[in-house]
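Chain nomenclature is as follows: A, B, C and D, assigned in order of appearance, with residue numbering initiated at 1 for each chain independently.
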Amino acid sequence: MKIERNLEEHSLYLNMGPQHPSTHGVLRVILKLDGEYIEEAEPVLGYIHRMHEKMGENRTYAQYLPNMGRVDYLSALSYNQCYVGAVERLTGIAPPPRAEYIRVITTELNRLSSHLLWFGAYVLDLGGFTPFLYSFDDREHILDLLESITGSRLTYCYFRFGGVSKDITDDFITGTRAFIKRLRMHLPMYETLVTKNVIFINRVKEVGIITPEAARRYGVTGPALRGSGIKYDVRKNEPYSIYPEVDFDIPVQDGCDALSRYIVRMLEMEQSMRIIEQALDKLPEGPVMAPKVPKKVKPPKGDCYFAVETARGDFGIYIVSDGTETAYRIKLRTPGFSNLSIFAEISRGTLLQDAISTMGSLDLVIPEIDR
Amino acid sequence: MSYFGEIYTGAVSLIAGLGVTGKALFQPTVTVQYPWETIDITPTFRGHIELVTDEETGNFKCICCGLCQLNCPSHCISIKSSKPEGAKKKALDSYMLNFTTCSLCGTCVEGCPADAIKFSDDYNLAGFSREEFYFDLVKRAREEK
Amino acid sequence: MLLSKTKTAIESIFPLEIKEADYARVGYHLEVILDAEKVVSLAKVMMAQGFYLEDVTAIDLNPDMEVIYHYAHTEGCCRVTGRAYTPRHAPEVPTIAGIYSGANWHERETHDFFGITFKDHPYLVPLLLPEDADFHPLVKEDGKVKQLKDIKRAEVKEQAGAPAAGEGKPAPAGGEKGEKA
Amino acid sequence: MEQITTSMLINELPRLILSLVLVIAFVALNALMLVYMERKVAGHMQKRLGPMVVGPHGLLQTLVDGIKLMGKQIINPEEVDLPLFRMAPILALVPAIAVFAVIPFSEKLVARDLNAGLLVVFAYASLSVLAILAAGWGSNNKYGLIGAVRSVAQQVAYEIPMLVSVLSVVLLSHTTQLTGIVNAQKGMWNIVYQPVAFLIFFICSVAETNRAPFDLVEGESELTAGFHTEYSGMGFGVFFLAEYASMVVGAAIATILFLGGWNGPTFGIGGALSGIFPGVLWFLIKVYILIFIVMWIRWTYPRVRFDQLLNFSWKVLLPFSLANLIITAVVTKL
């Protein structure tokens, strides 16, 4: 793991980050290069570490909710969902069905926005500037939609124990349907511009190979795992919320390379749109908050684990309650942490430019890794 | 694939890509020239908080219960109130919001039993020093009047 | 099926330590409570059964810290939680980084937060904290640290009351319809 | 060879100075315009507007940017090789300007009509790699160094197919004098006879000017800014100027070699159009269309990988250009 510096060798030590265009935030990677080939890579974390787990021990359950939007700012609603799910499991509060539907609709919209941003940023990493702005143009519509419901554009704090804070409006529903129509029209354009582009394919094909065996050793999840041919998605394997009631597929590619991970995410966008459409069709009437939610949530003693599928993989929260208003211990199992830990192994022996496309294909969000 | 086939498909994909951007060149732009043009803020926008005044009496609706202060995860609200002699209710002396640590979560507004605070739609916030973001909401509300 | 297969596999090595948990309430199926030395053999069993490591973490308790290993499977729904105890004043657990490469970082993180030494860890230096950090943020202050019984569900009563007592309660995870399936 | 005499020098001096001033003015003006054009093209391709604030439609934006760059402090980082570090930007700009000495804008508008003009162009063009190497090595920066080393390999790889493709044009027109080559295209432009050579030349000239998708020398996503990472203020500005100047050179040479230079379209229905504009304007129109295509390409594609860049040159461009040369040679001899 550690790079030992040996001045006798003819190796070049390159410090990539913490301020670097392709490390998406403040990740630092120490690279040992032989020419442009990477001999060793050592990611150095912690530049944006905020000790979210300690905050969980000092805040009441309700006060900790806003933190969830900040752990992974790109799929904040998945984190909201995981946290309220864990507390609900611990306390036994049951949200009404309409609230569950709204949760899934908004979370999937959030997943779409996360994947769109990743798509743009990934092509930007590979040097293509224009697709970035096209995907941002589309993403902006999702942000507008979610803003009209949640009141914020990025760090949503929308779910509550036992429901959601606000009912969705008819404008939101028509807006969402219109957006899905629009995105369906735009996805083929992305395909022409990027997916089929020969330069792009050459940059990502057979780059950053994650074998299924290595993926399991490192605990890689999410699209990165599904790009290695393993059909694992918490939404299917361990269904929560209303996912069993909607019909969707888990896209899997078995190339194990960056291209497979790319294609998995592009296909997932279509599946997210399917989920949203079905949920909108089936959306039941009724309240959006459970009737008897105590003002002060005070779960009984005990522990519980709750996992959801975020845009980047399997996110789990482990809460240990001592029967008071604050949790005794909150552990956040973030997908990016495990996904990044494999980077040192898969980038060994590749070119510097391959390391960039490998890192981009893992879809890293540094605040979520550093927590 | 054969050598020539690869070159051919590659060239076709490149030309198709040029087609996409070339088409975009003649499509309308989506830029909003910000300081001169603005877009409407959604009614649900969560800006910093403001005090609500009762339309009938013209007083603040705040009952000085201190729940917002208690609920705030970042401890950015501090209220001072006093009970003037003879009055039935407590009166608000100052309502300080330390906007530098506020995360705009809205816990205060949700927890308010008297609906006495609301979100403003002010998104043009800029200042030269930290102190400019220690808002005295009582003063702000009076100035607005 | 996956569950029973896993259970048999773990039982063959840890017949006394394994316990079945109520998934709908706690979110995992099996719980294995071990001596600190045995975490490696549990990791070996889990690796052989095709599990992946979710995370390694700990809880600060008096007198023994609890080290927790979460395992999950990719081919179905089966979560296993391993628990090991190590004295609070000198916490030490063998590393499983040799079996699960991903544990390397998780153990470094746990070392950062709790000061737990992972024996034979290849590179146990701060990961998330600064390199010269000499504090462990998640170690509780003396007055705040609790004992194991303070955070455990009151299970004795429930077991005495048989399943009827459990069902009589307002369905704990009623909202999570999927989990019943 | 004529004997150079003092009287000749005195006669030539005003002309030389005039040419120099005009060329430098042209290069500077072009850079201002092209940067503006680049930003507008990029903006509209990305559904944006580009610069809009300074001047009508942001016309004066690049001028203001230039003034800003000049006002910036020039920083010499510690432990740079100072002579090399400071010389590199000038070394990049000078050859790009010097090339204009032989480029004919029209039949008469040429500073020096050498009979080996084509050779001079390539001699100067290959100097640019030296500047990049000096900048990368001199700035004592690892990103810069990697960028510089990439640049050398890239230039070597792309110069050969470029020269080979140009040779087939020389075979057609029997001269290396640039005006001669243009005059040989009076009837029909070379692009019609040599489409493959044109394509190869065009790709190579994009690669030679280090423009995307071949901008590995600066490749900002892995090398932050490559060879000019450490440059500030006008040091960076001069590199920028040189890049746009060599872009014009590349387009101008392509126009001269393949698109009939200052000749209007004399074939087909285009024949009627030929007289509308003077030769200079025809020349500039063609140059700017080519530059627009270069920009269009830049804002469409991702960056190629380094080994693939070299493979593309050695395995595709070189064989094709050689085959093209042989076929041309055989056909012209028939």
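Keep this in mind: contacts are C-beta pairs under 8 Å (C-beta built on N, C-alpha and C of every residue); 3 or more make two chains touch, one makes a residue touch a chain.
As the structure is a computational prediction, the values presented were derived from the model and not from experiment.
Think of the whole protein's Cα atoms as having one middle point; the chain whose own Cα middle lies nearest to it is A. Looking at which of A-D and B-D shares more C-beta pairs in contact, the answer is the pair A-D. Separating the CA-averaged centres of chain A and chain D is a span of 44 Å. Chain C and chain D have Cα centroids lying 64 Å from one another. As a whole-number value, the distance joining the C-alpha centres of chain B and chain D reads 50 Å.
Distance from the chain A centre to the chain B centre is 25 Å, each centre being the mean of its Cα atoms.
In chain C, no residue reaches two or more other chains under the touch definition. Looking at chain B, one finds that residues 14, 17, 20-21, 24, 30 touch two or more other chains. Chain A has residues 130, 134, 137, 193-194, 197, 199 in contact with two or more other chains.
All chain pairs that count as touching, in label order, are A-B, A-C, A-D, B-D.
Chain A contributes residues 59, 62-67, 70, 130, 134, 137, 144, 147-152, 155, 157, 165-166, 189, 192-194, 196-199 to its touches with chain B in the complex.
Chain B makes touch with chain A in their complex at residues 9-11, 13-14, 16-17, 19-21, 24, 30, 42, 44-46, 71-73, 103-107, 110, 119.
Across the interface of their complex, chain A is touched by residues 24-28, 50, 52-55, 57, 59-60, 68, 70, 72, 74-77, 79, 81, 100-102, 104-106, 109, 113, 122-123, 125-130, 137-138, 146, 150-154, 169-179, 181 of chain C. Interface residues of chain D, counted against chain B in their complex, comprise 41, 43-49, 52, 296-297, 299-301, 316. By the touch rule above, chain D contacts chain A in their complex via residues 42, 45-48, 142-143, 146, 150, 212-213, 215, 219-222, 224, 299-308.
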